[in-house]
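Presented sequentially are two complexes of subunit A, the first with subunit B as partner and the second with subunit C.
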Partner chain A sequence: MAGVRLVNVSKTYEGGVSAARDINLTVEDKEFLVLVGPSGCGKTTVLRMIAGLEEITGGELYIGDQLMNDVAPKDRDIAMVFQNYALYPHMTVYDNMAFGLKLRKYSKEEIRERVTEAAEILGIKEYLDRKPKALSGGQRQRVALGRAIVRKPKVFLFDEPLSNLDAKMRVQMRAEISKLHARLDATMIYVTHDQVEGMTMGDRIVVMKSGVIQQVGSPLELYNKPANRFVAGFIGTPAMNFFDGRIVKGERLYFEEKGGGLRFEVPAEYEKKIGGIIGKEIFLGIRPEHIVLAQTKSGEFDASRKLKVEISEPMGNEVFLYFQSGSGQIVSRVTTSVDPRPGTELEMYFDTKRAHFFSKENEETIAVS
Partner chain B sequence: MAFNRNKMTQPQERKTRFFDSESLSPNTFAYILMIPAAIVMFGVVVYPFFYNVVLSFSNMSLRHFRDWHLIGFRQYIEVFRGQVFYTVFLKTLVWTFVNIFFHVTIGVSLALVLNRKLFGKAALRTLLILPWAIPQVIVALTWRSMFNYEYGAINLFIARYLQMAPVEWLGKPLEAFSACIITNIWLGFPFMMTIALGGLQSIPQELYEAADIDGASAWQKFWSVTYPLLKPVMIPAITLGIIWTFNNVNIIWLVSNGGEPSDQTHILVSYVYKAAFNLYRYGYAAALSMVIFAILLIFSLVFLKRTKASEAAY
Partner chain C sequence: MSHKAKTQNLKLRILNLVLYFLLIGFTLAVLYPIVNVFSISLRPGNRLLSTSLRIIPDGATFHAYKELFTQTQFLLWFWNSSIIAATVTVTGVALASTAGYAFSRFNFYGKKSAMVGLLVTQMFPPTMLLLPMYIMLLKLHLINSYLGIIVIYTSTALPFCVWQMKGYYDTIPFSLEESARIDGSTRWGAFTKIVLPLAAPALVITALFSFMTAWAEYVVAAQVLQDTSLFTLPLGLKQFEASMSTQWGLYAAGSLIISIPAVALFLFLSRWLISGLTLGSVKG
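And now, the complex of A and B:
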């Protein structure tokens, strides 16, 4: 087993398009690291550079202590699971899993032993004689996992392995991959655009945007202390609410939404941190679960507002309520079983103690709770 | 319910129409639409085929053109009794095999080259498909003049650049047959190349990447990814190619000028053509063409079945 280290790694395509810039990242041995970001953010490029399928145009890549920049994929001791499974369609499940071992000249007994063991772990033993086209999507992805497991590589790489599965199968496979990680005790690097996968599976998450790492941290760190507005908006569903406005000084400090919308008192604990930006434009962020019905919560100062419900989405255990404000739509996540008609006025409490303040210039976090 | 309303509100108009498609069952209407095509197919395929079957059991020839009658299997016996059939059949097999072998190897090799990133790929691809776009007659006559002993480009090339004696391409049996084969190879590889290129482009790139990580060399990738996935695409194309080449009368006839020298360059179809339209032995030619038909039919059925060509790969 081994860790992976990227030092100032960059990828620039011919014609100057930059897919990844100055990636500095250390993946610890036996860690489950998730790379997330919207499409085109460079997360797959980073993974493919680690795999050796994409040339590194700048910086250094180490697997263990060995510099891997110019090492062929087959000699990097990695295994990769692809989004479209990439199973050889003319080979049986057994041969698919055995192919890499055969090429590496393992003995027949050893191959059989390893394939059978992997098939048992993944519950695909009865399909070993079948061709991939006779399998469902979930089974195919298990075979692809099996092909990776049998090699016992130092590092497992996953490129959006669950994207082609239906929602139910995705949840199931998510748990299975996590279990597999615990069982194999291997270093795994997992790329996904689905932040829920990242939150549920990763020891640590790397959020990327436009080829640049935005933040690296544990799931809760990213959720509670996002480094900038992008991370705050990307992690969590429904996404965080952002209010466009400025800090003004009256008796105390206030946040005033643009166009005369909402106006909040800034809680005392923030005053020191944001005292220096009075008058400047900022974004205020509040997560949906921190905007609740006023009767369920009350603070020491007035942060309740009457708002008209636009849409209400009952989810069963909770309800998403959508309102209109000066700078956009507000989403609230309410756990009680209300189901108001559109147009109903509700008094909503904004838990400003849990608010996030972001600079408007560079969107960096100024202050969090 | 559109039918009913139409009938109720427009009863007058319905009577005056030639026929009303709505009053027919959907199937009947479909059959009516098919009639013109069926008539044409009957006229150019079904009728000639059965007429040919009848002729093959007859003594029709220039001498018995109007007074022909059925003579049973005599023409078939004549076909199988003559030595010519076997030598020509052998030549046909050589002709077909050599042609297809080069069509496929040249076609697939070029497709592999064209499937890579390559400067001027579009221009090159157009250039390579060109032989296919030129009418066969023009190709055959052009190559025939290129094979000319004294003035042909090929002999000029051989003499000037290879410093070798010129070859009597069209005057000797083996050389003339080779000339026909060379012409047909030039003519036939673009088809295989186009099909192979389509097949190659449909192989997902991920499979090669998976093979890279599995540790396959370029050669191993070809044999364990490209070859098995190209096969289902190529088998039907090869079957077609074999049938077309087996039946290709144009090139043999035009390049060798009707089987010259002294009927030594015939394949079965050119021999049939000669029997029917130069020697006017209609009954004999019909019997021989039935034999060719049977050979190709059996070949196609066996070949397609054994190679499982109709099975989808993915």
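And now, the complex of A and C:
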């Protein structure tokens, strides 16, 4: 097992298109690191550079202590699971899993032993003689996982391995990969566009946008203390609400939404950090669960507003309520058995103590609870 | 059985009947010339035309076959054709499979113009190219040699083969090779162990096309090969045709034997002519 270290790694394609810029990242040994971001953010490029499938145009890549920039993929001692499984269609499941071992000249007994063991772990033992086309999507992805684990590589790479599965199978495989990580005690780097996968599986998450790392941290760190507006909006479902406005000074400091919408007192604990930006335009962010119905937390918050329900999405244990406001749509997540009809006017309370303040200039976080 | 089902059943049977009649008609149309040639080859003497409709003629004899192998240079021509066709086939497959791969997988300067260039060569009929190719071979001192005719046949067959190999490779997901390279293959290893087996149907087409380009070609061979000891089968057969009399028996027997390797090769290779080889490899 080994860690992975990227030092100022960049990828620029011919024609000057930059897919990744100055990536500095250390993946600890045995860590489960998740790279997330919207499509085209460079996460897959970073993974492919680690795999050796994409040339590194700047910086250094280390696996363990060895510089890997110019090492062929086969010599990096890594395994990769692809989004589309990439099983060899002309080989049986057994041969698919044995392929890498055969190339590395393992003895027949050793190969049989390892393949059988992996097949048992993944519950695909009865399919060993089948060709991939005779398997379902979930089974194919298990074979792809099996092909990776038989080799016992230093590092596992996953490129959106669950994206082609249906929702139920995805949840199941998610848990299985997490279990596999615990069992193998291996370094795993996992790419996904689905932040739920990142939150549930990762020891740490790397959020990327336009080829640049936005923030690296534990799932809760990213959720509670996002470094900028992008991370705040990307992590969490439904996404954080943003209000466009400015800080004004009256008796105390106030946030005033553009166009005279929302206005509330800045909680005392923020005053010190916010004090320097009086008059400047900012974004205020509040997560959906911090906008609640009056009756649930009556009197606790000082910022409230009457809002008309546009859409209500009952989720069973909670309801997502969508309102129209000056800055666009506001979404609130309330735990209730009430399912308000569209058009109903509700008094909603904003938990301003949990608000996030972002600079409008560079969208960096100014203050967070 | 209900009335409706009965009518439907009847309809189906009539349709089948019509279909079979059509198929039998096509089969007869294909078989007739072959049977006719076979019949001619069995006729005693050198009779091309006959009023009899019998397939096995009166006084049928295998004399023509015997004479073909003992009195003529048929075996030599067969050998020459085999050498030339085999070399063209092997060279064609080797070059088309690798060139097609390069066109499919790599980006290089002039790729697009090279592809179009290959296509353009297919727009000229071989007879038009005969003279320039003859002059080229003459300057290269390749007239009247195996190599000369092999170069011409290969270059005639290659453009089509490269295009169709490239087209087939394009349908094989790139991630299969990447996966193989991570599993421990070199790029060449991924090509030979993963891509080539999956491209079997395209390789078969390339092999058959290359073989047929060389096996039964007459016009170019007649210009390039002048020494009778280098003659290929089509040139040899033409020898039986003289200004006064043509040895139809030998001609027919030779024609039938020539067709055997081509049919055999097709039957042998057709088992790889199956579609859907890459099914199940990746999520479609």
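Basically, the second predicted complex is superposed on the first by the 365 of 369 C-alpha atoms of A that agree within 3 Å, B and C clash if a C-alpha of one lies under 4 Å from a C-alpha of the other, contacts with A are read in each partner's own complex, and residues count from 1 in each chain.
The rule is short, and it goes like this: a residue touches a chain if its C-beta (ideal position, glycine included) is under 8 Å from a C-beta of that chain, and two chains touch if they have at least 3 such contacts.
Please read all numbers here as calculations on a predicted model, not as lab measurements.
Aligning the two structures on subunit A places subunit B and subunit C in a clash. Of the two partner chains placed by superposition, A:G40 touches none, neither subunit B nor subunit C.
In the superposed model, A:I78 lies in contact with both subunit B and subunit C.
In the superposition on chain A, A:L103 makes contact with both subunit B and subunit C. Of the two partner chains placed around the shared chain by superposition, neither subunit B nor subunit C is touched by A:P238. For subunit A, the partner that touches more of its residues is C, with subunit B and subunit C as the two candidates.
Applying the stated contact rule after C-alpha superposition, one finds that A:R140 touches subunit C and leaves subunit B untouched. Contacts of A:P340 after superposition on the shared chain: neither subunit B nor subunit C is touched. In the overlay built on the shared chain, the residue A:N164 is in contact with subunit C alone; subunit B does not reach it.
Residues 51-53, 72-74, 78-80, 82-84, 86-90, 99-100, 103-104, 133, 147 of subunit A lie at the contact with subunit B in one complex and at the contact with subunit C in the other. Chain contact summary for the complex, subunit A toward subunit B: residues 51-53, 72-74, 78-80, 82-84, 86-90, 99-100, 103-104, 133, 147.
Across the interface of their complex, subunit C is touched by residues 51-53, 72-74, 76, 78-80, 82-90, 99-100, 103-104, 131-135, 137, 140, 147, 151, 164 of subunit A. Within the complex, the subunit C residues that touch subunit A are 173, 175-176, 178-186, 189, 194, 197-198, 276-283.
The touching residues of subunit B, when paired with subunit A in their complex, are 204, 206-207, 209-216, 220, 224-225, 228-229, 312-314.
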